[in-house]
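Quick one: the structure is below, questions incoming.
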Amino acid sequence: MSGTIGVIGLGGMGGGIAGRLLETGHDVSVFNRTASAAAPFVAKRATLAATPGAAAAGGIVITMVANDAALEQMASGEGGFLAGLPQGGVHMSMSTISVALAKSLAERHAARGSHFVAAPVFGRPEAAGSGKLWIMVSGAAEAKARVRPVLEALSQGIEDLGESPEAAPTGKIAGNFMIAAATEAMGEAFALLAKSGVDTRAWHAMLSRSIFACPIYANYGRFILDRAFSPPGFKLSLGAKDIGLALAAGQEKQVPMPFASVLRDRFTASMAQGRADLDWTSIAVNALADAGLAETHG
Amino acid sequence: MSGTIGVIGLGGMGGGIAGRLLETGHDVSVFNRTASAAAPFVAKRATLAATPGAAAAGGIVITMVANDAALEQMASGEGGFLAGLPQGGVHMSMSTISVALAKSLAERHAARGSHFVAAPVFGRPEAAGSGKLWIMVSGAAEAKARVRPVLEALSQGIEDLGESPEAAPTGKIAGNFMIAAATEAMGEAFALLAKSGVDTRAWHAMLSRSIFACPIYANYGRFILDRAFSPPGFKLSLGAKDIGLALAAGQEKQVPMPFASVLRDRFTASMAQGRADLDWTSIAVNALADAGLAETHG
Amino acid sequence: MSGTIGVIGLGGMGGGIAGRLLETGHDVSVFNRTASAAAPFVAKRATLAATPGAAAAGGIVITMVANDAALEQMASGEGGFLAGLPQGGVHMSMSTISVALAKSLAERHAARGSHFVAAPVFGRPEAAGSGKLWIMVSGAAEAKARVRPVLEALSQGIEDLGESPEAAPTGKIAGNFMIAAATEAMGEAFALLAKSGVDTRAWHAMLSRSIFACPIYANYGRFILDRAFSPPGFKLSLGAKDIGLALAAGQEKQVPMPFASVLRDRFTASMAQGRADLDWTSIAVNALADAGLAETHG
Amino acid sequence: MSGTIGVIGLGGMGGGIAGRLLETGHDVSVFNRTASAAAPFVAKRATLAATPGAAAAGGIVITMVANDAALEQMASGEGGFLAGLPQGGVHMSMSTISVALAKSLAERHAARGSHFVAAPVFGRPEAAGSGKLWIMVSGAAEAKARVRPVLEALSQGIEDLGESPEAAPTGKIAGNFMIAAATEAMGEAFALLAKSGVDTRAWHAMLSRSIFACPIYANYGRFILDRAFSPPGFKLSLGAKDIGLALAAGQEKQVPMPFASVLRDRFTASMAQGRADLDWTSIAVNALADAGLAETHG
């Protein structure tokens, strides 16, 4: 066992993580900005932390929050975990954050004698709750070794991307870009097929059991075909943020990304048309609407 | 058995098909513009047809040729198979052709009392040779029923897209667009990761066994990482043709396809830079070169 | 004087040309597929030709028709002008045609001992009627010399692009691409300004008297601001055709054109949404609609 | 006269402004981070300010600096002008800045009892030096009235965009986007024409005296044709920043801008290929290079 593990952020993903850790026998301390979200976990044996810093007192703290601003607030706001984490402690960031913030957090931890490990995940809340996430991890070797049992409890696969704190966040951002690109490609293909009178479900079924027999194509394609955009598995506004992070990283590293540029325009149009809170697969509605096909889904 | 089956076009794919049919006990008659390509099949019991029309005399003829012009030449040039196919015979087109040509051939066959079945395939030559293709099929029900045993000998999966002769060609074109889109997305992601100092092979390995665990991502990603563009599995110039077919179909049906437009520019740039005869995955070189990364692969 | 000049195609542009030639003292023979359009010109002294070939009998024939198919029909259909033009005669094509058709016509004229001159124009019908067109011309030197007085009667400026029959058509296609690009740029800028609460008319007024003080920005910008899309000065469906010609020329010459690709998607979406018969500046509606701004103009 | 006018930032544009104000009889106080740049102006009667705040002591201060960070430093760094500007004083920002910074500065001035006027300009250094700039202005009416004589000394045209401090910065950003779009369009057209064997200079000459008879097309087109990219009139890295500002404003206001997205990729590729310090018209090199035409200009 690795002592009490703090979990900050109890939304779908963070809640899944906290629940899984409790089920696998870990001691867990939880913090959420809206305290009511913590109750179900306290009922299952978790400790309620009064501040992010208190959640970090056991030496390992996991963050799973909405965006950079929220993480910064948890880290350095009043009662933040940067101050609350003991010497030698490890902060493991599991949500999607910017490369710039990863770098900055790593430096601030180093200055205080604590450690930053980036461990962003692929998978939906159910996967988090059942230990079926896929995790990319990067950071100092010792710190990674210390959190390894935690990662194993949560995942069905772990890929180590080395020592740089920026590596795993970049990998996660690139991965989300790939998912959005697959979504847009399906949207365009469905529009072409539908206006050509081809059975889109039969077409999708075949590709999903042959050359594209993988979760993204099988599941996301079905969401689009079913217009299953609500409730969202992952909000379009968050996807928009991630494509923004990909383009920001690309600009910083001088990498033109024309597909990412098209995607940014798609996400922006989707938000302008009122789909911010639907599932991010609803960017495919743009391709359908441009073809004169779709009712808009506002 | 279905009588002698003609196979017109003995390149990698057509040769694989002819070989598989011979191995599974069919009688096969072969025709190829360059006759020397027919020799290995004649050695294995195939009949050498003097003209495309002669290859069609048994009542079923398969075409697997480079482009619309070649198919038109085989169909209606001197000794063409349109005239050679008996009443009630079936022409099964297995290469990627335009929607417009599919429609035109269906009409011409109907006028002569023969049938057109579109049965384009996904898979490389090895898959053709070992009966592991994936096939989309469309056309008149009776005609499809008659060629069913042939399709089964060649494939591990068949999807029936209905009666319209245009359905399967549209489905194939849309599928190839999806493959090219996945290739471009990987090229952009690899460029971002490489310039960020992330281990692209580790990143690719993980995605290929998790959310993108399917042949296109696993195999094509590796071709890009290895710069394994020669000899080509599928020539870039043929991929350029297929994206052109997708955009032409989109224009005909009034479906804007921004990803296809980006792809067209990528294919065009690749050809301008001398990569027409490399594998089509080498369109990813553009993303790398734009980022200042890649040596051009001419 | 240059003998009787035939004018084939009496739409807005062709009618303006015929009228101007009559006003400047030329003998004119007119042909239009719908004969009623010829009446006003016959009333002003023009001869009514029974066929395109008859219109060409005087040795110079001008064509101003909707597209390649219409020109081909006038040229080689029954009573076509290719056969009707005397030895040494000149066919001057003034509408926007494909590079491929220009080449083909030049060859067919040469085989018959007549000449092809490409002389596409910039300007609206009023400019044609008042001799204020801008003309790009290319073709054999002698043939160009012979039609020079005609060109001067119609224009305020002539640019000679050399001997190649394909040069002026390419120049015209590139020019129309430039106009469409300026239109799209204004659409995007207007969308940004409008959603930012900036007075778009004041902004446009200033740029139109300073760095963009030229007809395209001044006039087309105003059409967009006024939603003055009907009646069309130039139909969106014709603009779509011209962008298609630009991309086809680009593909033939291996020139990627990402702005042209975006434009093609805009034109395609505009047609899918019912704006084919509005003025081509209405492609700007897409940028406004994507921003959640515009009522669609169907 | 309006009392002593401070000018902060003495690069090409700021120097032109300071010189023009001196020539038209104003008292001028100058500040530049690198003090040596101030010497020529001191020789012409300007006062040398020891700090940005000292330059603002006369009640009007103009800023013309490289980017947001530089302006923030001048405003609120040690000896900054926010503190140095007297009650009722006016800060007139003439460089291109973000909409967000304009808003923030307006608020901070208001809190101190001073005023913010945005007055970004179109024109090169020579135009600044000879009073031939074009200026968009926005801000509180009184403050604009006070600086009016200064604007008139510097410009041949002024457009008032209202009271919002964000209006003129947005207008300037949109204007620079339009210029970059025209540049890209010319690059693509030149590539198509050059590979088609058409005389690009003749083509450009004609459009520049007809439908595109305005400074951007005439001058920028010639820069591209002459590859006159060094010394830069406006650095490509600064243009990249401005397109970034346009996209940031677009994202904030939910306005998709596909042309701006293409431009961003062009600027990013240009920087990756070493053209950051060339003139921004050298983004046209990408279109040429993609067509296999251009030597890269690094």
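By written order: A, B, C and D. Residues from 1 in each chain.
Definition applied: contacts are C-beta pairs under 8 Å (C-beta built on N, C-alpha and C of every residue); 3 or more make two chains touch, one makes a residue touch a chain.
None of these values were measured; they are calculated from a predicted model.
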| item | value |
| --- | --- |
| Neighbouring chains common to chain A and chain B, by label | C, D |
| Same or different residue numbers at the chain B/chain C copy interface, by half rule | same |
| Furthest chain, CA centroid comparison against chain B | D |
| Contact-richer chain pair [B-D vs A-D] | A-D |
| Distance between the centres, which are taken as Cα means, of chain D and chain B, whole angstrom | 53 |
| Rounded Å distance, chain A centre to chain D centre (Cα mean) | 39 |
| Multi-chain contact residues (two or more partners), chain A | 250, 254-258, 262, 265, 268-269, 272, 290-292 |
| Residues of chain A touching chain B in the complex | 99, 122, 134, 136, 157, 159-162, 164, 166-167, 170-171, 174-175, 177-179, 181-182, 184-186, 188-189, 191-193, 195-199, 202-203, 205-207, 209-217, 246, 249-250, 253-260, 262, 265, 287, 290-292 |
| Chain D to chain B touching residues, read off their complex | 258, 265, 268-269, 272-274, 286, 290-292 |
| For the chain C and chain B complex, residues of the former touching the latter | 244, 247, 250-251, 254-258, 261-262, 264-266, 268-269, 271-272 |
